[in-house]
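Presented sequentially are two complexes of chain A, the first with chain B as partner and the second with chain C.
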Partner chain A sequence: MTMPAQDDLSIAKRIRRFLRDHPLVPLVVLLIALVVILELMRPGIFNERWIGNTIKFAIPLAMLAACQTLTMLTGGIDLSVGIAATISAFVVATQVAILGTPGAIAVSLIPAILIGIANGIGVGLFRVHPLIMTLGTGLIGTGCLQVYQRTVIATGSSVPDILAWLGTGRTFGAPNSLLVFVPMAALIIYALRRTGFGRLLYALGENEDAARLAGVRSWQVILALYALSGLIAGITGLIYVGLIKAPSLSLAVPLLLPSVAAAVIGGTSIFGGRGTYSGTIVGALILTVLTTMLTVLQMPEGSRRILFGLIILAVTAVYVRITEDS
Partner chain B sequence: MIRFLRSHYWITGLFAILALLLVITKIIQPEYGASGIDSLARAALPFAFAAAAQTVVVIAGGIDLSIASMMAVTSVTAAVMMDGASEEYAIFVVIFVLCLGALMGTINGLLIVLTRVPDIVVTLAMLFVWEGVALMILKAPGGAAAEWLKGLLVGSLSIPGIPDAVTVWFPKSLILLAVCLMAVWIPFRRSRFGLSVYAIGSNSLAAFRTGVSVNRVKVGAYAMAGLFAAMGGLVLTMSTGIGAPIPGPYLLASVAAVVLGGVVLGGGRGGLLGPIVAVFILRLVRTDLTFLAVDPNITTIVEGTIMVVVVMIGGLLAVRGRRS
Partner chain C sequence: MATEPLLEASGVVKSFGAVLALRNASLEVAPGEVVALMGANGAGKSTLVKILTGAIRPDAGQIRIKGRDHRVHSPAQARQTGLVPVYQEPSLIPDLDVAANLRLSNTPVEPFLKWVEELGIAGLHLDEPVLRLPLATLRILDLARALASEPDVLLLDEMTAALPTDLVERVLKVVRQQCELDRSVIYISHRFSEISSLCDRATVLRDGETVGTVEVGPGSEERIVEMMLGAPVKSAEEIVRATGSALPVQTQETPRLRVRNLSSGTKLSDVSFEMRAGEVLGVVALEGQGQDELFEVLAGFERPSGGHIEIDGRDVRFHHPADAIAAGHVYVPGDRADALLMQRSVRENIALPFYARPFRWGNINMGKEKSRVGAAIERLQIDTRAQGEVQRLSGGNQQKVTIARWIAAGVRTLLCFDPTRGIDIRTKREIYPLLRELADQGSSVLLYTSELEEVQLACDRAVVIFNGRVVDVIDAHDADEPTLMRAAYGLTAGDANAKAPTGEAAEASPS
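Entry: the complex of A and B
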C-alpha cells in the first residue's frame, strides 16, 4: 500500500530519504571531495605516505571523539578528555625512567580513569549537568598536573620506545597506531550496535525517564560510561605523546574542541539518542584533511581559523537539514 | 524577611560566602583594605562582564562558547582604533565597539536560528571564527588605549559631601561595573523582551504558543550577550592599555560563575546578581590563596573543586526537592 506513494515521490525526496537512511554516505562523499580538491590544489600530494600521515594524525582525534560520541549518546559531553589525555601522556613520560615502561603506562592511566569516575559520580549520582561537571574536573586536573610537574621537574622526561613506535612508526606503510585504534573502534561499534550497554546508552539519551521506568539503573550506566571515556582519553594521550614526542602541560588540550566538532560533524546529536561511531571516524578524517588543506593554502593563521569554524558550521547545518525528520 | 530568605536562599548564601571570605582575607592580611578592594574589583571586571554575557544566554536556554573570542575581537578593535588617535575620538571608538559586539552576538543568534544547529555547536564553530577575526585585526598584542579610558578604572571617585574615607571603599572600577550592568539589565528586566527571554528559556514551546516570537527573542538574547562581551573586551583594553588577540580564560570562568550564581543551565531561572557575586567570590579565593603563599597552581585545583562541590550540592538539593 505504500507503493503508489513511493512512485509519486520526486527524485529529490528520494535522495533525501536515502541520505537520511544512510547518513554515512554524504560524509564519505564530502571526505572524497575534499581529498580530490586537495589533489587538484597540490598535484601529487595524494600518495601512500600522505594517506598514512593523515590517518596517523586523525587517530588521536578520532579516539578523543569516541569519548564525545559515547557521552553525547546519553545527552552528555566530556570536556575533561583533553586534560585527561595530557595527564596520561605527561605521567608516562616522566615516570618511565622510574617505573619502567609497563609500570609507567599502568600508572599513567590511573588519573585518567579517576577523572572519568569523578565525572560519572557527579553526572550519574548528583545529577550535575555534564558540561559543568567535566569542565570542573578538567580544571582540577589542570591544577593537579601543574602541581605534579613541579615535583618531577628534575626527573626530565622521555617517551617510551614502544609508544614512539606506536605513535609514529609504520609497518608496510600503515601507521602502527592502527593496531590500537582498529580493535578499539571495532569494539565500540560492536558494543553500540549489538550489546546491552550500547542499547542502554541510546535509551538513556532518547528518554532518560522512560529508561529508568523500564528498570535501567541509570547511574550505574553513566558511571561506567564516563569511566570508560576517561580510560579512552588516557590511551589517546599515550598514543599522542608517541606521535608528538614532546610531552607538555597542554599537549592534547587543543584537540578537545575539534573532538567535539568531529563527533558533531559525524552526525552524533548533542541532545542524545542519535549517532554512530563510524560517522565520528569519518568526521575526524574530514577535520584532519581540512586542516591539511588550510595549511597547503598557506593562509594566515587568522583566516585559517575563520574558515575552519565556518566549515564546521556549514557541514553540521547541511547535515542537520538532511537527516532531520521532515 | 524569612520569606525573602527562602525565595532568595542562593543569593543570600553567596553574599554570606563573600562576606566570610572578606573576613578571612582581613584575618590573613591585616593590611587588606580599600586598595585591596580596588585591585579585586579591577581584576574581577572582565570576568564579571563575561559572566553577565553568559548569564543572558543561559537564561534564554542556550550557551555561548564564543564569549572569550568576542572579547578578544572587541579588545583588539578598540586598541587598534585608539592607537595614535585623539582622546575625543575614543568616545566614538567605545560606541563603535559596543555596536560591533552586539553585531557579533546577532550573527551568532541568527546562525543558530537559521541553521537549526544546537547552540553549543554553533558557538563552538564561532569560537574559531571570532578568534580568527581577532588574529586578522591584530597579529600580536599591541595598540593603545585613550588616557581617560584607562583613568576610568584607577582609583576612586571623590564626591563632594561624602568624605574620602567612605568613597575610597567604592573604587571607580566597581562603580563602572555597576553602572554598565544596571544600564542594560534594569531596562531589560522591566521590558517585554526580558520577560520573553525568561519565557523561551523555561519552555520555548509554551512561549511560542503564548505569542512570543521565539527566534527573534533568541537572537536578541545573543545580541545582548555580544554587547556585554564588548564591554568586557573594552575593559580588557582599558586595564592593560593594549589589545591581545588570544582569548583569555574567560569562557570557563563565565560558565563557572553562571552556575555558581544559581542560573540554571537549560534556562528560565536566575538573575544577574548571583553570577556577579560568584565572580567576586572566585577572584577573592584566588587573592586569599596568593596571600597565603599557596602555589598558584593549587589555586586552580581549589577553584575547580569549589565549582564541582557547589554544583553537586545544588544537584543533591534539586534531587531531594523533587522527591519530597
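Entry: the complex of A and C
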C-alpha cells in the first residue's frame, strides 16, 4: 500500500487506521490477553487438554453465531436457532432407534430447515421484522417440540455413536468436531468474500434500496438466507447433542443469547452491512474463555452473570469505538 | 409606495458551508398587497422562505415587520409576529383528528370552520382522523388554520399545486379578500396564470440575489422570465455541442420507448412521448411536476395507475426494478446515496448488478469481474485513489460509479435523473460527452436535468412537463434557456417555430 499522505498522520491516527483495516487484530489480542490472565490466575491450566476442551465448547457456539452473523449482515437476526438446534437434537435422539443413524440425521434436519423457510417467508415476503418473526417461529417450534415429545415418550432416546464421536471425541488431541466445523467455517468465509450471495448479504444490509435498484429481488436472498440459517442451526444441534449427550427440550436454548453476543463482539453490526465470520469465531472463543475464567474465580452464580454482562458491554463498546470511522 | 411596508427584508445573506445560498436577497410587501416570489430552481427561494418563517437564521441582513425588527428563532415565534406560512407539504399531524390538531396549534375553532366552509369544503367533521382526508382537503385545512389566526402576512408556497380547479378559484378569491382587509400575501407559484390574475408585483430571485421587482400586468411574464434567467442567454450556435448534431429523424423506425397516457399518483397525470434508439431525450420540468414519478415508473419502482409503456413496440409492465433491468431500462437516481453502498468498494458497487439473479449467486470469477469493472472505471475515468470505500470519493466520482455500474452491466436505455446536480463542473463536462457516446453506440438516454443549459449540451430533443402533462416537445436546436423556461412554466411559446419541427406529441396518440 502506498500512502504518500501518511507521513503527516499522527501515530494515533495510524493505529486507528490500522485497526480499522484489520479489525481482527484487537480481538485476537484480547483473546490472548484473556488466556494469559487465566494462566496467571491458575498456573498450569493452559495445556493441550484445556485448549481442546475450549475449542470443543466454542464450536457449537461459533456455529450458532454463524446464523447470527449471516442474518445480521442483512440487518436481521435469528432468534429461532436455539430451538431449531434443540429440535434437531431431540428428533435425532428419538428417531435413531427407528430410522437408523443416517435416516434419523436426515429427518432431524427437516424441521430446522422448515423453521428457517418460515422465517424467510415472513421476513422476505411479508416484511415482518426479523426479531418478531424469529421469536414467533421459535415459540411455535418450542410448542411443536413439546407435542412431539408426547408422541415419542415410549421410544426413549439415545445419541448416535457417530454424533458422540464427533461431539466429544479427539483425534491426535484435536476435537473431532473440527471435521465438521473447519469446512463449514471455510465455506462461510469464502461465500461471504467470493460469491454473489455473499455480496448481496452485505448489499441488502447496507442499502436495500440500492440493491433493489441494481435488480436484486430481496425476498429471494432473505428466503435462502434464513433457510440456510435453519440448516446450520440443525447441524449445530446434532454436534451439540453429541457433546452434551443428554437430549432435552431446552438443550441448545441457553446458547442463543451468547451466539448473538459472539457475533457482536466479533464486529458484526446489528444494523447490517458490516461483519466477518472470522471475527465471530474469535468472538465465540473469547466468550468461551471468559466463561472458564469466571468459573475459575469461583464467584456466586449471580455476580458471575453480572460480570459476564458487563464485560460483553465493555468489550463491544470499546471495539466499536476503535474500529469505526471517527 | 406611500404607506410603510408591512414586511421589509433587505441584504439577507445565508451560506451553508462553502455554498452561498443567498448573497443579497430583499423583499418588500405593502399592506393589502400580493407579492409573487419568483426564481428558478436553486435561486434561493426556499432559503428565503425558511429565514422569513424562522426555520433557519440568516448570516446577515435585516427583516422588519410593521417597522419593527423581526428577529425570530423559531417558526412559533414567527407566527406570533403575524407571519404565517402554508407550506407545500400538509402540516397537520396524520395520527390525530382535526380537533386535536387545532388544539395543538391554539387555533380558534369557530373562525377555522368559517374559513373551511368559505374555501369550499363541505361537511368536515372535527373528529375525523387527519390521515383519512384527501390531500386537497388537507391543504385547504392548512390554509383555513392559517387564516383563522388572522395573520398580517400570509405566505403561500405552491398553495394550488394539488387542488382541483374549483378549489383553486375559491383560494384565489379568499386571498383577494385578505388584501381588502389590508393584509398581505407572499405568493409562491409556478403558475403564471394565477400570478397575473392575483399578484400586484413579482419579486425575482436569481443566484441568491433579488434582481428586481416587476409590476404584474400585460407582458410582465416575459420580463419575469428574462430576469430569472439573467443576462441574455447565449444562443444555440454559441454553445459548443459535445458531439455532432442531432440525429436525422427516422420516423419509420419503431421507437425504443413509447410512453402513452402514463399516469401515477396525483403528480403524473397524462404523459406521452417517444424515444428513439441512439437518442438523448431531455426532460425539462420545474420541481414537482411529475418527473420524479415518471422516472420511478419507467425504472420499475412504482406501478403506473394508468397508461402504457412500450419497448420496441411491445407493451411492458414492470413489477420490480429487476423487470425494468431485464428490459434494458437502467436507472441513475437523483440522490447518489440511494444507489450506492457507501461502505463498500468501488469494485463491489460497480459489480452489484452482476449478481442480482439467483443463478449468479455462486462463485465469483474474480478475474472476469476485475476486467469488466476495470473497463468501466477506465471509460469513466473514475479516480480510484480512495476506492476502498465509496463514501471517501468525491460527489462527482460517486456519480460516475452509479453510471459505470450500468455501463459494465450493459445498457439499452439509461434513465438519468439530474445526474449533474451538485457535482463539479469538470465532472459535468465529462458526463455530457459520455451520454452522447452511449447514444451514438445505439443506447437511448432519458435525461432529466434541473439545469436548462444542459439540454443543448447533451440532448437531441426535450419534452417539457408541467403539472403532470407533456406541454411541449422542443428540438435541441431551438431549446435555448428562455424557450425552455417559458415552456416549463406552462406558457404557450409565443414563437410557433419552437414547436414546428416536432410533431411527436401528436403522433404518440394511439392510431
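The criterion applied here is as follows: the second predicted complex is superposed on the first by the 321 of 326 C-alpha atoms of A that agree within 3 Å, B and C clash if a C-alpha of one lies under 4 Å from a C-alpha of the other, contacts with A are read in each partner's own complex, and residues count from 1 in each chain.
Note that a residue touches a chain if its C-beta (ideal position, glycine included) is under 8 Å from a C-beta of that chain, and two chains touch if they have at least 3 such contacts.
Because the structure is predicted, anything quoted here is derived from the model rather than measured.
When both complexes are overlaid on chain A, the residue A:V264 reaches chain B alone and has no touch with chain C.
Contact with chain B, but none with chain C, is seen for A:H129 once the two complexes are overlaid on the shared chain. Of the two partner chains, chain C is the only one touched by A:R217; chain B is not. In the superposition on chain A, A:L310 contacts chain B only, with no contact to chain C.
In the superposed pair of complexes, A:N207 makes contact with chain C only, with no contact to chain B.
Remark: chain A residues 194-197, 199-200, 202-203, 206-207, 209-217, 220, 224, 273-274 touch chain C in the complex.
Per the touch definition, chain C reaches chain A in the complex via residues 299, 301, 320-322, 325-326, 331, 333, 337-344, 348, 351-358, 360-364, 366, 405. Contact residues of chain A toward chain B in the complex are 77, 118, 122, 126-129, 131-133, 135-144, 146-147, 150, 257, 260-261, 264, 270-271, 300-310, 312-313, 316-317, 320-321, 324.
Within the complex formed with chain A, the residues of chain B that make contact are 63, 111, 115-118, 120-122, 124-129, 131-137, 139, 252, 255-256, 259, 265-266, 295, 297-305, 307-308, 311-312, 314-316, 318-319.
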